[in-house]
Every structure is written in structure tokens, then in C-alpha cells.
Amino acid sequence: MNAAVRWLAGLPAYLWSGWGAVASLLLCLALWEWLAGFYGELILPDPRAALSTLAGLLAGGGAWSELGITARRALAGFVLALAAGSALGLAAGLSMTAAMMSRPVVTVLIGTPPIAWLVLALLWFGAGDGTPVFTVFVAAFPVIFVGAMQGARTVDGQLAELAAAYRLPARMRLTDVYLPHVLSYLFPAWITALGISWKVVVMAELLATSDGVGAALAVTRSHLDTAATLAWILAVVGTLLAVEYLLLEPLKRAVERWRSTT
Amino acid sequence: MLSAARWRVGLEALLLCGFRPFFLVAAAWGALALAVWLAALSGAPLLSWVPGGLLLWHAHEMVLGFGVAALLGFLLTAVPEFTGSAAVPRGWTAALSALWLVARIGGLFGGAPGAWLVALAETTLLAGALAVAAPRLWGDPERRHLAFLWGLAALLGCVLGYHAAVLGGGAPLPWLYAAVGVLMALIVVALSRISMRVVNAALEERGDGAQEYLARPPRRNLAIFCIALHTAVELAGATLGAPAAPVAGWIALAAAAALFNLGNDWHLGRVLFARWVLPLYLVYVLMALGYLLLGAASLGFALPLSAGRHVLMVGGMGLSIYVVLNIAGRIHAGVQPESGPWVPWAVALLVTATVLRAAAGFAPGWAPVLWVASGGLWIGVFTVHFARAWPLLSRPRADGQSGCAGVAEDAPAAR
Amino acid sequence: MNTVPAPRRLLARGVGHAYALRTVLEGIDFELPAGRVMALVGPSGCGKTTLLHLVAGLLAVREGRIESNFSTPASVFQQPRLLPWKNALDNIALGLKAAGVARAEREARAAELGVRVGLAADDLQKFPHQLSGGMQSRVALARALVLGPDLLLLDEPFSALDVGLKAELYALLAEHLAGREMAVLMITHDLMEAVRLSDDILVMAASPGRVVARFALDRPAARRDDDFVYRRTAELLRDATVRESFGLPPQVCAQTPEDAACETALQAVHTVRPGAAPARGGLRC
């Protein structure tokens, strides 16, 4: 309740602070426009062409359903990775032995290119939701796992002593001492993993499915329709930016208010 | 003779500090040159002989006449203060003022001699200003104010380009547009210094000791970078023939966003509406709107570029100059800024003038009426300001202090 | 309030402790009754903190025994150890929350004590990283005192603060102690601090940590002025055992008129000293 009011009160200032990001994105568009002037319509249409194509796609309604399908797959894989990665990572962090054992496994998972998992997934799950969801899960899992493990490993021994000296009951130790600390590691990992999910799902769809943004990209590529390709890319990137800056970043600030220096 | 003695005293007072002659002529010329332009637009047979045509004369006089006068008045006073260096000698102030005057007179002459006279006078004026400012800015131990130096140098470049185009038969207007960009960047630099004092003083006055206003360099630098890039790309497009309009358009939008971004430093609660704080904030808002319109026009929105350009000039430059004339132009004469109702009214009138001038771009049918209405407000504001500032700046200081010294600590608050 | 008026006390008998192969404490005996302040003085690393952890129950007692029938002990650590994600008020109220005190009451009590230790109302809403070191120490002290403890364990809580802040916080503590039947066990390496605040001083030496001298100060803490504190501290510093414990070179009483004073002062403080084992030569931390 209190937190909600505080969040609402801080919202205008937060949104206004986005102008700096808007400025740098507009500078990127200027660079794009400049490059488009060199290469011409077929290779690199200018941003206005891409934006108007995107507006057409959105107005036609088709883009929304494709984005919805892609979002469903990305979120499914992400939520699975979030649950499994957080739980297993915390468990591994609590035991030195488990942490030692899991480290090389995680390195292998991170080091394996997502495209390799995609090929395996195609063999295992065929052309359906299973393939992109699995690929997203495998790509996002190790990032969350490592974050959770680090969080559990780095709990401050002095604060644990404090909890003992002040006779904190077990539930309070968890909610007041351990969780806030672990969350400060988990949250950034979740955000990174969400970004990975969103990128990987498009790649998986491009090769494995007949619907979703990835599949739409495959179609525009085969038609040599660069403007539409760029429009889809803008849609994917725009969605990620919106989720990150309108949802996750304010949430992160609310959760980690105690960290901020301003 | 009595009148000769009075002249001597008056001249002595005028040259007491760099801002005195320049702030006075800025206000006077701002009103007069615009009145001439409006009269000519309405069909009066005025100045039909000026080189390059009346439009060029109007643009040149407002940017390099009005704008530069106010800028030099500010720099001649502020640079010694910021850098803790020696005051600008009276002879320099006199010489620079004379050069400015020669440039105005030259502009009214027709033909090649007039053009050459303006070119020589204006180039020497800016080179002289650079000669005064450079050693002081460079000699500052931390060199915190070098931005003014780069700004002045860029302005000198624009002046050279402009006159080369006029005398060599090229296109001079793009150089004036570039000068507008340089002035915008300089306004951001100067306002960051001025606002630190104004806003924190307002916070203190409200008893809001917990809050502190800081003009943070990263945000300011982003804004200056965007403005500078826009200026450079637009100038390159116009002079080198590169198809730069949409590129410059996106950059103008980026500059607008970066200027809105500066507002983050200012959002400290109700202090934003304090007497001297809001006008400074509005300068940034109007500049941002100006770049927004410029960008939209460059990207194909049905709007003349001049609408955005005039929001920058009337709103960004006019309002900031008016505020500086009223703050620095009084404090360094030993009196507190005015506390009466006229200043808020003048600010509101200038904002209205800006809106009317921008509206002329949206409603071409009404443009002549809107031009006159907007210009009338502008002329009124600066005429009244001149009338109020003249008695203060043309007479010796009444507080017993000398030169550019600020208000004495124990001085009573002025009404 | 108790129907059985068992005298409250903290008792240590033959307490020792070892980390892996290193013995850090050996044969510690003392008794701390309610209402008394005991200082453990010694060089850094002589096992003082380990002893305090044993008393606080943060370490299991494996050798000897520690008995305490104090009901509400509270600790102040060397560092403030505030929870960074809680504001000052919630940090102060931590122990109350653990004890199940309702939110409204614990916030009221925490706020009251916060003000008493010199925190402003808006400081109470700040997070630890927004507070200065001195303010953080105040919060840590308030967090302990708000519990109304009958045994207070202090582990050099203010050693990182400047002299003025330290004096102010000790004055706050002394004010809080006055009129309360609270026992205090404090660790310090500052003899003057010990002389100013405590009734009993146990001097410890290192390798392994043990008590090498005991002194009692008979004048009540409230009536000790600076002069008394300086004089008694100087006397303690002339004691051969104390000097050796801190690794100071032995003092030679010179053949001067002050000589006699030097000798008598030493005897005066030695009167309370029990037959403690003499230090085993030349050991320091």
C-alpha cells in the first residue's frame, strides 16, 4: 500500500528521467538515417520507412497476434528458468559442495551456443511450442542459477550473527535478513535472463515454427522486404525496451530503494 | 560646458563594466531592429537597399546584433568573475562597443563598402572578445569554463563563414542558422552557471535546506552535444550539399529530448515556480519545443523550418537574454533584481510572443497578423526594459562600489 | 516483577576455546552480578571478542561453563551491523520485532529511543548508507537499549569513532545505566575508557587469551571526574602486568622524588589483585 503510493509518486520523475534515453535512441535513428542515405532502399531503408511499415503492421492487427505468440513462448521458457534457476541456485549456494560441483556444469551450459540447443530441441520436440520454450529455458537458466547461487553464497556472516544475537525467529531471518540480500542478486539476473529469452525466442522461431515474430522475419527475408524486416526488429526491440523500462526498472528501484544513493 | 561634463560622467558610468553598454544596446536594438523589420514587412519602404535583402538583414541583426551584444555583455562581466581574474579594462569595453556600433551602421549602408565594413567590424569584435576571454578562461586553474571559449570561437567561425558568403556570393543564411545553434549551446552553458545560484537561492529563501540543486554535467553535456551535432550536420548539409535534412531532423529531436532531460535537475518541488526559477526553466522548455518543431519539419511534417527556428530565437534566446538582463544587469550595478509585477508580466509576454510566432507556421493564412502580434509584444518588452535599465546603467553606481562588483552584503533588499 | 528473587548474574568458570588447532582462550573465570560494569581490556587479538561471542551464545561453549540467568541480553558489535535494506527506525526496532512486539508499539518505542540517542526525526527514515558513521553507531546502540536489556554486551562498539563522538555516546550510555540494574560486559583496548565506565577491569593477555590481572574501582562511575580517570589510567599503565600484556617495555621507577609516588601508586592498585598467574614472558598479539 505504502509502497504503491510511493511508486505512483515517483512515477512522473522516473518517466521524465527517460528523456536522456530517448535522446540517445534518437541519435541512433539519426545514424541509421545517415547510413540509409548511403545504401539505398533495398539494403537499408530509412527509419521512417521502417516505422511506417511497422505502423501498418500494427494497424492491420496481424502484428499483435504474432507478438503475442512470441511473448507467450518467451515467457513460458523464462518462467520455467526462473523457477528452476532460482530454487536450484539457492540450494547450490547454501552448500559449498553443491556450489563446487555445479560450477563447471554452469560453465558448460553458458558456453554452449543457443543454436546448438536449438538443433537438439528440433530433434527432440519437433516444430511446435516445445522447441522455442526449451531453447529459451536452456539459455536463461544458467544466468539465473549463477545469480541465485552468488546471492546465497554472499550472505553476510556478520548479519547472520546479528540475527542470532537478537534472537530473530527463523521466519524473520528469512524475510528480513536473507531474502533482501538474495533478491539484490536475483533481480538483475532475472532482468538479464528476460532479455536473453526475448532474443533467443525469435531465433528459435525463425528456424523452428510457422508463426510468431521469428517466423514473420523468415517470411520477410524470403521476400527481400528489408523495410518489413526492420519493422519486425523494431517491434521486438521496442517491446523489450518497454518491458524493461516501464515494468522491470521501476520495480527494481522500488525493491532496492535502500541501495540508491540519490 | 555643462552638457559636455554630463556626457563625460554618463560615458564613464556606461563603461564602468562590460555589461552596461552591451545590455543597453541589446535591449534597444532588439526592439528597434524588429520594429524596422515589421514596418518593412507591412510595406513601409525601408532599407530596401541593404545588401542581401531585408530578410537577411533581419536575421543578421537579431542573431549577430541583438544576440551577440547580450552575449558579450554577459561574458565581459562573468568571465572575470568566474575565473577570479582581472576586470576587463575600460578601453577594451569602449573599443568593443564601438566595433559593435560600427557593424550596425555598416549594415544600414548599401553596397560593397557597407558589407565590407560590417565584415571587418564584426570579425574584429568577436576576435577581440576572444582575446579578452581566452587568457582568463585558460588561466583558470581547473579550466572549468572553457566551454565559453569554444563557443566564442565557433561563433567567430560562423561570422567568418557568413561574411565570406555575403562577399563571395554564396549562401549566407546557413551560417546564421549555425550561429543560432552556437548561441543555444552557449545559453545551456551559461544557464547552468546562473541557475546554480538562482535555484539554490530560491531553495534557501523557501527554507528548503534539505534540497539542493545541481546542474549535473552529464545531462548538460548530452544536450550540448546534441545541439552542436545538429548545428554541424545542418551546416554541412547546406554548405556541402549533403542530403542532410532527415538526419538533422532526428538529431533535432534528440536535442529536444536532451533539453527536456535537463528538467530532471530542476524538479525539486514547488521551488520551480519561484520568481526567477520558472523563467530559466521555461527557457529550456522553449528551446526543447523549438528543436521539436525543427525536427518535425525536417522529417517531413508540413511545417516551415522557420517556426521551430523562431521558437529557439524568440523563446530560447529572447527569454534567456531578458532574464540575464534583469539579474546580472542589476546585481552587478549594485541593486537587487526587481521584485515588482513587471518582470513576471514581461516573461509571460515573451512566452506568448513565442507561441504566436510558432502559430504562424501552423496557420499560414494568419501569418502576417501573428507576426505583427508576436513582434509587437517583443518590441514592447524590450522597450520597457530599456527605459527601466537606462537610468540605472547610464549613471554612476549609488552604492559606492566600483566596476562590476555585486550587491554589497549589507545592502537593503531593493523593491 | 519476578516472584523468585534469584540474584541475576553471569558466571564464567574455566572457559576456553580453540579454533581448529589454535587455542585462543584458556581458563577464564569471572562473575558479573546485576548492576555492575565489567571491562575486558587487552591488546587486539587476545580473544576478547571470542569470549564475548561465547557469552552471547554465538559460539558453543566447549570447555568450561558459562552460566547466565539474565533474561534479556543485548549486544552492540564492533561495527554497527545495520540491515542496509531497513531504515534507521526499523533497524532500531529489530529486536522488538523479533520479540513479537506489535508494529505500532515497537515503532513508538524505537522512535523514542532514537531521539534519546540523538537521531533527528528525518534521520529515522533514512537508510544506513545515508547516515554517517556516528549516526550508524547511535542506531546500533539504540537497537540494543530499546530492548531494555538486563545484560549489555559491548564489543568496542565505538572504536572507529572520533574522540568527541565516542565521549558523547559513552555519556549517553552512562546516563542510561544510571538507576538501572543493568549488567554490562564491555570489551575495549582503551584503558581510559575502561576506567571511566567500569567497576571491574579484567586485563587480558594473548596467546592464549587469559586474564592476567583484575582491578576494582571503588568510586561510583557517576562521581569519576577527568582527573580521577587520568590518574587511575596512569597508575594502571605503570603496572608491570598491564604493560607486558600490551607489549609495552617495562617501566623503571627512577631514583627521583616522584619515585616514592610511583611505587605507592602501584601498590594501591594491586591491593585488589588476586593471585593471577604471571604473564608468560614477552608475548604479544
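Per-chain residue numbering starts at 1, and chain names A, B and C are given in the order in which the chains are listed.
Here, a residue touches a chain if its C-beta (ideal position, glycine included) is under 8 Å from a C-beta of that chain, and two chains touch if they have at least 3 such contacts.
Bear in mind the structure is a predicted one, so any value in this text is a computation, not a measurement.
Comparing each chain's Cα centroid with the centroid of every protein Cα atom identifies chain A as the most central. Farthest from chain C, judged by the mean position of CA atoms in each chain, is B.
With centres defined as mean CA coordinates, chain C is found 51 Å away from chain A.
Rounded to whole angstrom, the centroid-to-centroid distance between chain B and chain C, based on C-alpha atoms, equals 68 Å.
Each chain gets one centre point, the mean of its Cα atoms, and the points for chain A and chain B are 47 Å apart. Chain contact summary for the complex, chain A toward chain B: residues 13, 16-17, 19-20, 22-24, 26-27, 29-30, 33-34, 37, 46-48. Note for the complex: chain A touches chain C at residues 158-159, 161-162, 164-169, 172, 176-177, 180-181, 257-259, 261.
Interface residues of chain B facing chain A in the complex, by the touch rule stated above, are 219, 222, 226, 229, 233, 243, 246-251, 253-255, 257-258, 260-261, 263-264, 267, 299-300.
Those residues of chain C that touch chain A in the complex are listed here as 53, 56-58, 74-75, 77, 79, 81, 83-87, 94-95, 97-99, 127-129, 143.
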